[in-house]
Each structure stands twice: as structure tokens, then as C-alpha cells.
Amino acid sequence: RDSIYIVGSSTVFPFSTAVAETFGRTLGYNTPKVESTGTGGGMKLFCAGVGVDHPDITNASRRMKASEFENCQQAGAKEITEVKIGFDGIAIANSKSAKHIDLTLKDIYLALAKDVPDADGKFVPNPNKTWKDVNAALPDAKIEVLGPPPTSGTRDAFVELAMEGGCNSFPELKALKKSDEKKHKAVCQGIREDGAYIEAGENDNLIVQKLVSNKNALGIFGYSFLEQNADKVQGAKIDGIAPTYDTISDGSYPISRSLYFYVKNAHVATIPGIKQFVTEFTSDKAFGPEGYLADKGLIALPDAERASVAKSAKALTPMSKPE
Amino acid sequence: MSKPTLNAPQAPVRRTIDIVNASLKRRHAQERRFRRIGAIAVALGLAFVVLLFADIVGKGYTAFQQTYLQLPIELSAEKIDPAGTREPETLSTADYMAPIRAALRQQFPEVTERRELRQLYSMVSVGAPQFLREQVMENPDLIGTTQEVWVLADDDIDMLVKGQIDRHAPEESRRVNDRMLGWVEHLEEQGRIEKRFNTIFFTQGTSREPELAGIAGALMGSFYTLLLTLILSFPIGVGAALYLEEFAPKNRWTDLIEVNVNNLAAVPSIVFGLLGLAVFIGFFGAPRSTPLVAALVMTLMTLPTIIIASRVALKSVPPSIREAALGVGASPLQTQFHHVLPLALPGMLTGAIIGMARALGETAPLLMIGMIAFIVDIPSGFTDAATVLPVQIFLWADSPERGFVERTSAAIIVLLAFLFLMNLVAVLLRRRFERRW
Amino acid sequence: MNITVDEMEKMTGAMSSAELASERHSRTTVGDFTAADPRMTCRNVDVWYGSKQAINGVSLDIGKNEVVSMIGPSGCGKSTFLRCLNRMNDTIDGCRVTGSIQLDGQEIYDKSLDPVPLRAQVGMVFQKPNPFPKSIYENVAYGPRIHGLTNSKAELDELVESSLEKAGLWKEVKDRLDQPGTGLSGGQQQRLCIARTIAVSPEVILMDEPCSALDPIATAIIEELIDELRANYSIAIVTHSMQQAARVSQRTAYFHLGDLIEVGETNQIFTNPQHRLTEDYITGRFG
Amino acid sequence: MYAWTLIVVLLMVMALAYHLGRKRAIASAGGVTQINTLHSLPSYYGLYAAIWAGLPALLLMGLWFGFQDQIVTSLVTANLPAEMLDGQSSGRVGLILNDIKNLATGNIVSATVTPEVQAAADQYARLARIANWAMWLAVLAVAVGGMAYAWLRTEPQMRARNRVESIFKFIMITFSSIAILTTLGIVLSVVFESFRFFQMISPLEFFLGTNWSPQIALRADQVGASGAFGAIPLFTGTLMVSLIAMLVAVPIGLMSAIYLAEYAPRNVRSIAKPVIEVLAGIPTVVYGFFAALTVAPLIRDLGALAGLNVASESALAAGLVMGIMIIPFVSSLSDDVINAVPQSMRDGSYALGATQSETIRRVIIPAALPGIVGGILLAVSRAIGETMIVVMAAGLSANLTANPLDSVTTVTVQIVTLLTGDQEFDSAKTLAAFALGLTLFLVTLVLNVIALSIVRKYREQYE
Amino acid sequence: MNITVDEMEKMTGAMSSAELASERHSRTTVGDFTAADPRMTCRNVDVWYGSKQAINGVSLDIGKNEVVSMIGPSGCGKSTFLRCLNRMNDTIDGCRVTGSIQLDGQEIYDKSLDPVPLRAQVGMVFQKPNPFPKSIYENVAYGPRIHGLTNSKAELDELVESSLEKAGLWKEVKDRLDQPGTGLSGGQQQRLCIARTIAVSPEVILMDEPCSALDPIATAIIEELIDELRANYSIAIVTHSMQQAARVSQRTAYFHLGDLIEVGETNQIFTNPQHRLTEDYITGRFG
């Protein structure tokens, strides 16, 4: 094998492929083969072993889990370099021809949670039918949210950030986290299954287009799609913050997550170009705020963090076991 | 002769013809209705094709053109070939982006601020230097001159020029801001912007840049996959059908096989992907993401279709033909190959057409065997990593860039053209063999 | 009763094309082709298969309550002519019919004429038995059903039984009416097709060698049937058995290579043929 | 590259063998005039020789390709200095060898080239070259040997046709068994996982439960859905979507088949048929977009006009579009069989005074029924197995409903979603996909058995 | 020559099942079913279609250089029996044959026997003409081609011509050898099938009503052919024409409802039948 083999997250796929292409075009190496397998699938392939048949790099839209790290260790992939490449914002948007809508995390939680606390704090199946039921300030429209299915990393992130965030706006629920973490998760992260939340497949373009033809619906998808389709859909402000490059980058926009890739150090010496690929990826002209990945919708890390990431990536510093 | 009345039936109370005539109006109405329903059905079928086509072509035809910017580019000898050796090595490693950028700056001297300059540079594609390099390498005499060169525009500019981005939309909901719009309009006034036939689309592999993305890799991938699928599945399918229908003893065991084959047709395609992953890649160690494995999976998937269609076709050949051949001492195999197969061939080809069409359009099982991958290089064999048209379409359809929307449709057009070509061959064959007896 | 090779040579020699050409002048029909009370009248009927002419200007009537038999060497156009009479030739690609064929004074090749009632009126038994791939019962019940000839299941059962009975098949098949008609022996299939045709009581019946696969007993039953049907209907029958023609028909037409050579009273044709070709044919048989 | 030339050479050897075998047979019979003393036609002796020349050689070549690299690699490995391999896992060794191979074939290499590696690469290149030559020699030797064998055995009494035909028959049996093997493979690959699934989830819940929400947490820190595994809504969803699809496809498909085969002029048929067949080949993504963005909103708007509450994802939209997709399965196959019904059947019916449509409905369709049912079965199968359209147009939520205006999901959609995301083979979630697969397999099996017996019952064999 | 309905009633009545049962004791074959120099010997052949028995324990020889004719009412099992002789019944689903049938002492239903050379040796003309949907030339040339009977195109042309000539079809088709055999008239198709069969020179020829669609002249030619073939080969012919049986065959076998009732010298059978059923049948015809 004479080319790098990359697997993993479909969210990172557009960025990884952009680097792969530039890498192939400018550095004279063969263009890496990038497979979109989803974060979990990628981890599984990546941690299956060392050797020509196994991938060199896996992309992830979340950190590697301790269990996955263990798997890697057992399969002989002892040294793994973790590279954080930037942020991905998750936008909640509706059609441009509909009224602009501003939400709080609490609204989101109340609109989409499976069970919500009623007036006396008891959990009842979510009774809210319209946005007005959720919050009197919101329009009297049916709750209809198109979002990714549970298999997608976007969904994981949405649940963790938006739903749990909204959940924690209830003090008693926030307290629950300390006392009974499991229960807290269950009540905060469960998404209703009664049709108000529509699992629309993993194609974000489809969600965008469905929004165009359905004015009532809201959609949940990655920031890059919002940016590309700014003439068709508008992002809702969350807690008063609009999803823009700057707000996501500085962390004020609440629903954003980090993206990573992982390198199998054992392959670096024997598969041509891995080091150069990592260098290319972590160069400012790629993942910097002015870099070509920014054009593709990646939101760059803050300068300082970027520099340190680039440094340890170049050195291929192995990660320690994640907690 | 005996007396005619002896056993004569009671003469019908009414003549048949009266009864017939009485019902004729109703029956003719029925006939007309039936016929009209048939015509409507065909028309509907055709209308669906036309509708889908119009939809796809309407969205995709613009992708066959690509926007270029004309820039006076100074190919200074010092920059490109300082030693003046004209060695290909030097020429190919030279920086061609610089002269393009210089030309842009020269067009818009007022732009100096760094951020603005970046925007200005972003008007040409990152792939533009590559084409300039090719031109120079082909004709090294250009070095040292200033040439009016058509360089590839960035996808945003392309979208703008093609009207996919609304120039009158408010700036914040437009990917091209007012400043860039001004530059574009300036260039347009000078006649320096032109849409040309998009050769890149047909000659290049995929890319993350819409303007550089081509279908050639996926097309070749599909070609290899389908070629191998056809080579494998048609003979195997026909052979199996022949055996099951004509040779195998008719017993529970063959009934089981028949049910089994029918049932395989209902197995979701992704399960074939699972099987391929486990057997071909896992067990036999065939290389992942290759037309070879894809073709093997597709073969398993299309076999039931071909077997069923072929059996149906064999069944409809009248037994007297077989008897006639056997009667002059032809062996069963000769009977089949000389007489039955030619008569059944149209039906078998139908099976092949439908099976191949499905194999050409299928994505799900390929997800399992690693074909949903970013592969730039155009495959040149069955064991090169490749992707195929529907997967390419699937990937492009999921890309955020606006430029991929039309390219997705264009790729579908190419796929359909491929399909038509395939059908055409089969249809010509089918027509040769079709007859009534 | 045997004929020698020499005799045969002579016979076939008589038909060699050179000689035929010289006889061309005499190939206009001999005898009176009209019937006193015609149901069907054909005038100058030509039939082409593609560019090949299979029938040359044949004129012939089929009278009320009469049986007309058509005889002639194999390939002379008997079936072709018969198929013209209920427009069955419509279904053959490239088959063209010109001239006038009338049923009760109505031109049947008229554009406006509906072949459906025509064929209900002019029934046909084909040369090759072609039972439907259905049960025996359904084969016979098919016609009455589509025309709505019966009003109840019982009536239909009765009609099926009587039709099979008339065709001499009832005894053989009454226990297996629900079995496929295609699983019958050749002669049984032929009788099934006859039963199927008479079940709709057509007024003109065209029979193309209805007894070719039948043994003498079954043949006798069919001939009896024909005789009986004649009381009400008109029948045209193609046969290779001159005895049969003599037994069942009132008039006989002799065809030769697409021409209607001679037509007349059956007795007269067989005892005193006018045309040399007719005579050759008949004596070839009887000689 | 070399493999192709070798195959071409092999084909030429086979052609030669055919020619020689034929000539030899004729000669052994005593010349052209005596060939009727041969048991079979001379060409069968030729074929016999060609098979002997080609088949073993091809087999050998296949084996060689399978093992050459392994053997050469192990030779090279054996020669590598021990310290390079000490304590290395096999994967690691593979990587080192990969580097050596890259060097040997002139590809880019990763790191600095040590002398040992260089030496190994040279050795690899040399061995590969030798092996390549050896393969040529061996394959051609076997081919010529096979040819010679056939040549020696050629004599007038040899039952060449029978032998050739047995080989063909054997090949055909092999082909038929592929279907069985595939089934076996599928069953084997789902049955164990299903078994484990049913150890976790009671079959009772699975088969009788009406609540489907399988996305339970895979990881400790994840929160999934409620984790209900009642498969009934999936099967009803599958049923509904397939039913709607069949309601579209069968009438349109069958009627257009009838029209094309019986009414339409020949040239209309020869154009319309392949054009309609294109419907089967349009990628499902396209149909998915069409269903989700054109048909579903249309239905919703129409429903709104009629005062109905229509979900924006509806079974109806997915079913309608799926129906369009499978039209050709019904129409083309039916068209072929209708066309194959002998003309004498039509003649028989017309002669009784049947109209064309009566003939078609009462004679031709019954006669063509086995084929038509075959086409319909294929179409049903395709409908059951389709995923993309449903994912895009009908959503993923498992509603137990009989209302086609509601959103539903299907078995295959769930299989795909469960298998393409994060998987964990000891979680009921992933295993559920296999249980679904197995159940679907069995359900369709039963349906097929029923269909077969029905077809048997109504089968009408012409002639 | 006519038979009355009454007589017919009697005849068919004679076959009614009750009476047949009482006659069962007499249904063992009358006459000598062996031949002096047999090519084919059949012993106790039973044939079932599914659960229905179509042939009951028939024993019959076909001798060298002889023509055996088989007669009997329609549906009595003649075709079924004939088809056993070259294992054509193998192609019918659910058809079972037991007993012993030998060709030159070799059991043809032996598992190890290859039916292909058997069928090349024992040719068959089917009751319903079944030309291949190929050209006339190809129809005849097919057999010689697969058996490699000719060495050159010229030889093959010659063989095709002579076969068609012998079947009396050459004159009619020589100008259109390249046209489909299915576009011929019924009788022409039948002769084409005969030509196709004799083109491979089988040593035993089974003919199932070969002249049923033929006019007397064509029939004479075929009978002549049969006579000629007899010099070298053995022939079994099914016919409904007793005259034909009398003309062409040396021995005649009379079948009735699956039983071989009587077999013997043709002369003797027609002049002095031993069994009442045979007599009924023959006199029914001649009476």
C-alpha cells in the first residue's frame, strides 16, 4: 500500500478530504483514500489492529472513548496521536420565508424532550404541541423539527449540548445531576418519539431542502450547511446568540462541539506521507481561521490552542488514555 | 342421414347474434376503456421518466458549463524557470499561483488590504495553477511572455455567474459579498468572464472543490464494476435458470431452490453488503473499496433477478419446440442452446437489463464494503480503489457546497446516459431474437 | 387401391409449373359459384402473405342451410380462404385481403365493420387444435360466458355438457372436466375445439379439417353433428377426405395453387368433374 | 497487466487446442468423409481439448495468484535480519514488508532506506520476477499438458459430447448452488447474532410488541431512546409502504405491459419498453429527493386543501415513488411473457367472437400468469428491500398506524440505520438488525412459499 | 357407408364402463404380439399420467423391415405408447413408464442409457406438426448438422433437398427455403416435420398420424416413402385411416382404452378380427 487510508466521521469527512486532496495535489504523494464510516465505525476499524489492512487515521466528531482506546491498545496500536482540528456548530434553522425564530436552550428542551417536568416538578410525557405551549412568546405553530437520527454524531452533540443545557436550566434538574447522574441523563437527553421530532436521515442537504418546502418546520444540521444556504434558511438565535463563525469560534454560541482525528503512530514510519499529511492538516493555511478548511465550514481553534495542537501533532505526541 | 330432429338441441330461444349485438355496446365500451387504461399506463410510465428527467436535467445541465476568468498573466522567466534550462522538473514544480494572483492584483490595483486580497485571490480556483502549469509545460515558449489566459473560476463565482446565487439578495444571505460582486461585474463588463464547456467534469476524478470535481473516476469505477457484474451474473444467472428449469429433477429440493431464489430477491441489498464484507473481504481477503468486491456483491444481488426472469422466459417457450429437437436426437443441452435459449433470450435480456440497472443505481451494499470513500485517482483496473456513480452522487448530495447541487444532477444525467447506452445494446439484441410463434 | 409411382409421377407432373402456365387460360373457376340463398358471398378475393399471393381472385358463395366442402392439395390455400371468411387473417402480420366478402349482404372487410359480432356469427374450428390452457369445462364455457349466452350456472353446465356431447367427447371427459384441455389426446383436443365453437351457436361455421385427427367413430359423430347443424346454419368445411366431402356436403369447391378451379354440386364434382385439374385430383384419389 | 497477456495467450492456446482436437478427431475417424464413425461431432472433440487446455491452467493461475505473494513474502521475511522482526507483531511485519514492496516497485517510501531494507527489496523484486516467469511457464505447461492429454485420448469411441456436456452441466449445477450458498451465507451471518438478540430480548416482545425504539445507549455515557424492541410497527410499515407501491406498480406495470405487447405498434413498443426500464435504474437517492421534496409536500398541500392533517413525511409519498421505481419489474417481465403466449391462443379466442380485451383478460393473462407473478414477486421483493426512499421521504419513526398519511418506517430502513451508525456487537441495538434481517427473511420465505403454491395451482401450460 | 345414430349408440354403448368391466377377462391381448426378427420389444408396458393410467400392460414387438400400424379410437393411448418407444414421455411432467422396452435387446429405460443416441436411432414425427421457428432449410438441416451426417455444405444442401423431395415438399418450398417453417400451411408443416425426421435416417421411425393433414396425393407420396423406408428400417405408424393401415402396414395393433386388444397380420385383422372390440371398431368403419 502506498497511500494513506483514512476512515471515520462523516462530519469530519469534508475537511479530511479537502486536506487529502491538497496534500495529494501539492506534495506529490498519492491522494489518501478517505472513507466515511461514522465516528464509531471508524474507531472500530482503526482500533482493529496494526498493519497494511488497517486504517492509519480515523476522524471523529467526538473524543475517543476510554473503551475504544483500550481496544486500540489491545490490538497493538499502542501509540495514538490525538489532533483536535476545530469546532463544528450545530444550527437550528427554518426557512427564510418563514418568520425568524429565537429560542433558548430551555425552549428546545421543553419542545423536544421526551418527558418534561410539569408544574409540580413531576415528569409527564411531553404535552407541548405548539411552540406557544413551550413559551408564550413563540409563535403558535406546530412543533416540527427535522433532525439527524441517533446514529449520527450531530445528534449526540445536539443532545449533550442543547438538550442537557436546556434541562439544566431547571435548578432541580441540575441538582439531580449531582445526586443521580443516570436519572439526570435519562430525563435530560431523551428525545420525544411522538412525531414532533422527525428523524430525517443523515443527509443535511435534504433537511435544508425540506425546510424550504415546509415553512413550519425547523431543522437541525451542521453550520457549514447553514453558511452555504444562507439564502434559503436562517439560523435561530440560541439564548440570544446567532450562529456565526465568530460566535462559534469564541464559544459563545452554545451548541458547538470539537472535531478530531487520530493517528496510529505505528504506521507513521512505514506508510509514506502520514507525517506530511498531519503537518498539512495542522498548518495554518489549512485549519487556520483564514485557511481553506474555514472555507469549507470548519471553525478554527483559538490561536493559542491551534499552535499547541500543531506542535504536538507534528511531534506525534501520543495521547494518554481518555477519561 | 338420420332425421335432423332426432337429437337436435332445442333451438336457442334467441339467436346468439342478438344476444351478442345487445351486449356489444357494453363490451366495446369495455374494450375502449381497457385499451385507454393501457395507453394511460404507458403514458404514465413514460411521463414519470420524462418528469424525473426534466427534473434532473433542469437542475443539472448547468454543470456542463464552467466559468472561466480571462487574465493577462505574465509568465516571467525568473519566477518560473530561473535557470532557463526549461527542464520539465523545474517547470512542474514552479509556483503558478503567484502569476495568477499577480494578474488579479493588476486587474484590481485598488485592492491592497490583506483581507480583501484574500477575497480577490479566492475568485480563482485552487486548481487553476495546475491547468496553467499544463499549458506552460506543453508550450515552454510561453515563458517570458504575457498571455491572456482563461483561468478556472472558483465555485462561488461560478454559481454567481450561472445565477445560482441571487445577485439581488441581501449581502448577508449571499456567499459572494458586494465587493466580490463588484469585481465580477467589472470583469464581466470587460468580457473577461465566460462560461465554457466543462471538460473537467468528464476528465477528472472527484474533488472537494466543485469546480474541480469530475465524474471520470466514478464512471470508470461503475464501468469496471458493471462489466464484471455482467460477466459474472449473466452466465451464472442463465446457467442456474437453465439448470433449475430444464434439467433439475422437479422435486422438493428444486422447489426449495426456487423459493429460495425468489426469497433472495427480497433480501435487503444492505444484507448483501454485510455478506460481501464478511465473505469476500473478511474471509477471502479481497481488497476493500474495489470494483472487484463491488462486482461480487452486485452479482449476488442481481442473480435472483436474472434467474427469475430467465426462468420465466424459459417457461414461456412452448414444449413442442423442445420435443421437436429431442425428437431428431438433439441432446438436452443442444436442445436448450439451439432452440430454447434463442427463444427465451429476450426475456433473459430483460432480466439482465433490470438487474444491471439496479446494480448501476445501488448504493446501500456498497456502504458496507468501503466504497463510500473519497478516491481521487481514476481506477485503472478491478483491484484499484474506486467509487461508483451512485455513491459519488450520494456523497455529492451530502456535500454542503452549493456547486455540488448541480453537479449531483449532472452526475445523475451521466449515470442515466450510461444506463441508456447499456439498455440500447440489450434492446437491439432483444429485438433480434424476439418472435411470436 | 394402391397407386403406383408412375401414376403419381403423372399426377404431380400435371402440376409442374410450365404446364400450369400454359393452362392459365383455363384457371377461371368452372361451375356455378353462386348459391341460391347465400349467407356469405365472396367475389374476386385475393390474399397475399407479404408479397406472395396465396389466393387468386376466388369467388364463392355459401348458401343457407348448406355444407360447402373445400378440397385441394396441401398448401393450395384452403385454410387461407377459410380464415378470410371471419377475418381471422387480421391477426397474421403481412396478410392482405382484397375483393369483396359479404355476410348477409354486409361487407365484412368494411372498415366500419366490427369483427366481434362477425366472429360470433361465423365460428371457426382451426386446423391445429388450440385448446386454451384452461380446464376442459372452461374451454367450452368460454364463448358462452363472454357473450353472456346463459343466465345461470346450471344453464351453462347444461350448455357445456350438450356441446361436448355433440362433439362426442362427453363420455371421455365427464369425470375430468376440471383438468386442463391441453392434457387431452390429439383427437380429443380437436373435438374439444369443435365443442367450444358450437357452444356459441354461430350461424356460419368454418371447419378446417375438423376430423383429421379423429378415428372413424368419432368422425361419424362429427359428421352427424354437421348434418344436424345444417338444418339451421351454414357450414364450410375443409377436408382431405373426399369420402367425407361426399358424405357431408351439398356443394364442393376444388382449390389448386390459390385458384378456385371448380365448384358445383358435390355429386357432380365427384362423378363428373369438368376441369382437368379436378379430375386429376379426384381420380388420383379414386384411381 | 501481465495477467491479462497470460490470459490472452491462454485463450490462444485454447483456440489452438480446439483446432487440433477437431482435426485429430477427424483424422482418427479416417478423414472428413468418415466422421459419422465418430461418437460425437468433431467440434465436441475440439471443445473437449480446449476445456482440458484451458480449465486446469486457469485454475492453476488462480491459485498462483492467490499464493504467489504469500510465498514470495515469506521468503523475503525469512531473509530479513532477525533484529528487524524481533518482538514485532504480525501487523508490524506487514508494514515493514509493505515498505519493502513499495521500494521494490518504485513507489514512494515512508522513511529512510536502510541497507537491509534495500537488500530485501532487491530480493523481493528478484523473487517476484522469477515467480512471474515460473507462473507463465507452469500455466502454459499445464495448458499444453491438458491439450496433449485430450489429444491422446481422442479416438472415435470417446464420448466427447457427453463429456463436454457433463462439464457444462456441472458448471450449471455449480451456478445454481451459488444461490443456495448465498442463502446459506446470509442465514449464517444473521442467525447467531439473532440468537444472541433473542437471549437479551424476549421473542415475545419482539414479535408482539408494538413499540419500536431501539437506539439504546451503546456507551456508558450515552443516553439512548427508551429501548423498546417491538417489531410490529416495522412490519406494518413495510407492509403499508410495499402495498402502496404495489398499488401503483402493478396496475400501471401490468396495463402498460398489456398495451405494449398487444395494442401498441411494434416500433412504439421497441422504444417505450426500454425507456420505461430506465425507471429501474435511476439511483434511489434521486427517487428519495423526488419523494421528499416534490411528492411529499404536494400530498401535504393537497391534504391541507382537503382539510386533512398530513404529516410532512408520509408513507404515501414513499410508497407512491417506490411504486414508480418498480414499474419496470412488472411491466417488462410481463410484457415478455405476454408476448410469448402463442398466437394460436389468441386466434382461438378471437374466433369465438371475443374482443381483444376479453381475450387478454381471460386467455392471455391466465396463460402468462406464472411469468407475471414472477415479475410481481420481483417487484414486491424490491419494494420490501428498498431503503433510501423511505429514509428520505417517510422518516425513521416507527408508528403503528394504518393511516398512509402518517409517517412510518420499514424493516430494511431500520436494518440500515442500525448497521451504518455506531455498532456494538454485544448490544441489543446492533443485534436487533440481525434479528430483523432474519425475521424478514423468514417472513418473505413464507410469502414466497405461498406464492409458489398459488402459481402452481393456477398454472396454465399452453400446448 | 353411412352409419346411423342408432348404430352409433350401440357402438359407443359397447364401450360403456359397466360392460367393459364385465369384459375385463377378455382384455388380454389377442394375437401374437411378437415379431420374428424384432428391433424393438415391449413387455408389459404401463404408462401413467399422474395417477391416471393411460396404457395397461401392453406387449408388442416391432420387427426389422416391417411397418406396424396402430389403430384405435381417439384417446386410447396410441400416441402415449408411441412416445414411450423413444422416451419422449420423459419430457412430460408426471408421466411414468414401467415395464420393459428394448431396442436391439438393450433396455431403453435403463438409467445408464443415454436417450440422445436412442432418439437419433428412433426418430419421431409428432401428431401436431411442430416445426422449429427457423427457416425451412434450417428445420431440415438441423438433425444432420448436430449428428455431423454431412461433410460439406453441398452435401447438406443435397440431403435437405432429398429429404424434402421424399416428403413431397420440395417443389412447394424450393423457392423459399429461407422462410420460416412456421409460415407453412398445416399439411406443409406436417411434411416438413417428416422431412426433418428422415433427414437423420433413423433406423426406427415412429409416425403419429403423419398424413392426417395431407391430401390424397401427398398421402400417397408419404405412403410410398414409408414403403421405401421399410426396406431398411422399422416403422411404427399411428393412423386413423384403416385404408392407410391396410395399405402400408404388415402388422396392425388395435388399442382400446389403454389396452392392446388385438395384434396380428394386417390382412387378418381387417378381414377376420378375433376380438369383439376390434370387430366393432372395424365394422363400425366398414359397415
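Note that the chains take the letters A, B, C, D and E in the order they are written out, and that residue 1 is the start of every chain.
Criterion: contacts are C-beta pairs under 8 Å (C-beta built on N, C-alpha and C of every residue); 3 or more make two chains touch, one makes a residue touch a chain.
This structure is a prediction, so every number in the text was calculated from the model and none was measured.
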Co-neighbours of chain E and chain D - touch as defined: B, C
Distance in touch steps, counted as few as possible, from chain A out to chain E: 2
Label of the chain whose CA centroid is most distant from the centroid of chain D: C
Middle chain, criterion being Cα centroid separation: D
Among all chain pairs, the one with the most C-beta contacts: B-D
Inter-chain centre distance, chain C versus chain E - centres from mean C-alpha coordinates, in Å: 26
Rounded Å distance, chain B centre to chain C centre (Cα mean): 58
Chain centre separation (chain B, chain D; CA means) in Å: 18
Centroid spacing, where centroids are CA-atom means, of chain A and chain D in whole angstrom: 36
Where chain E touches two or more other chains, by residue: 2, 5, 116, 128, 146-147
Residue numbers of chain D (touch at least two other chains): 161, 289, 342-343, 353, 355, 358, 420, 461-463
Interface hub residues of chain B, defined as touching at least two other chains: 1-2, 7, 20, 27-28, 319-320, 331, 343, 397, 437
Interchain contacts, given as pairs of chains that touch: A-B, A-D, B-C, B-D, B-E, C-D, C-E, D-E
Touch list for chain E against partner chain D, complex: 114, 116, 146-149, 151
Residue ranges of chain E in contact with chain C within the complex: 1-3, 5, 8, 11-12, 15-16, 49, 71-75, 77, 79-80, 127-129, 168, 171-172, 176, 183-188, 191, 208-209, 212-221, 224, 240, 242-243, 246-247, 281, 284-285
Residues of chain A defined as touching chain D within the complex: 1-2, 28-30, 38-41, 44, 49-54, 65, 67, 76, 114, 144, 149-152, 156, 159, 185-186, 188-191, 193, 195, 198-201, 203, 206, 209-210, 213-214, 217, 266-274
Interface residues, chain B side, partner chain C - complex: 1-2, 4, 7-9, 11-12, 15-17, 19-21, 23-24, 27-28
Residue ranges of chain D in contact with chain A within the complex: 89-92, 94-96, 98-99, 102, 107-111, 213, 215, 218-219, 221-226, 288-289, 292-293, 297, 300, 311-313, 391-392, 395-397, 399, 407, 417-418, 420-423
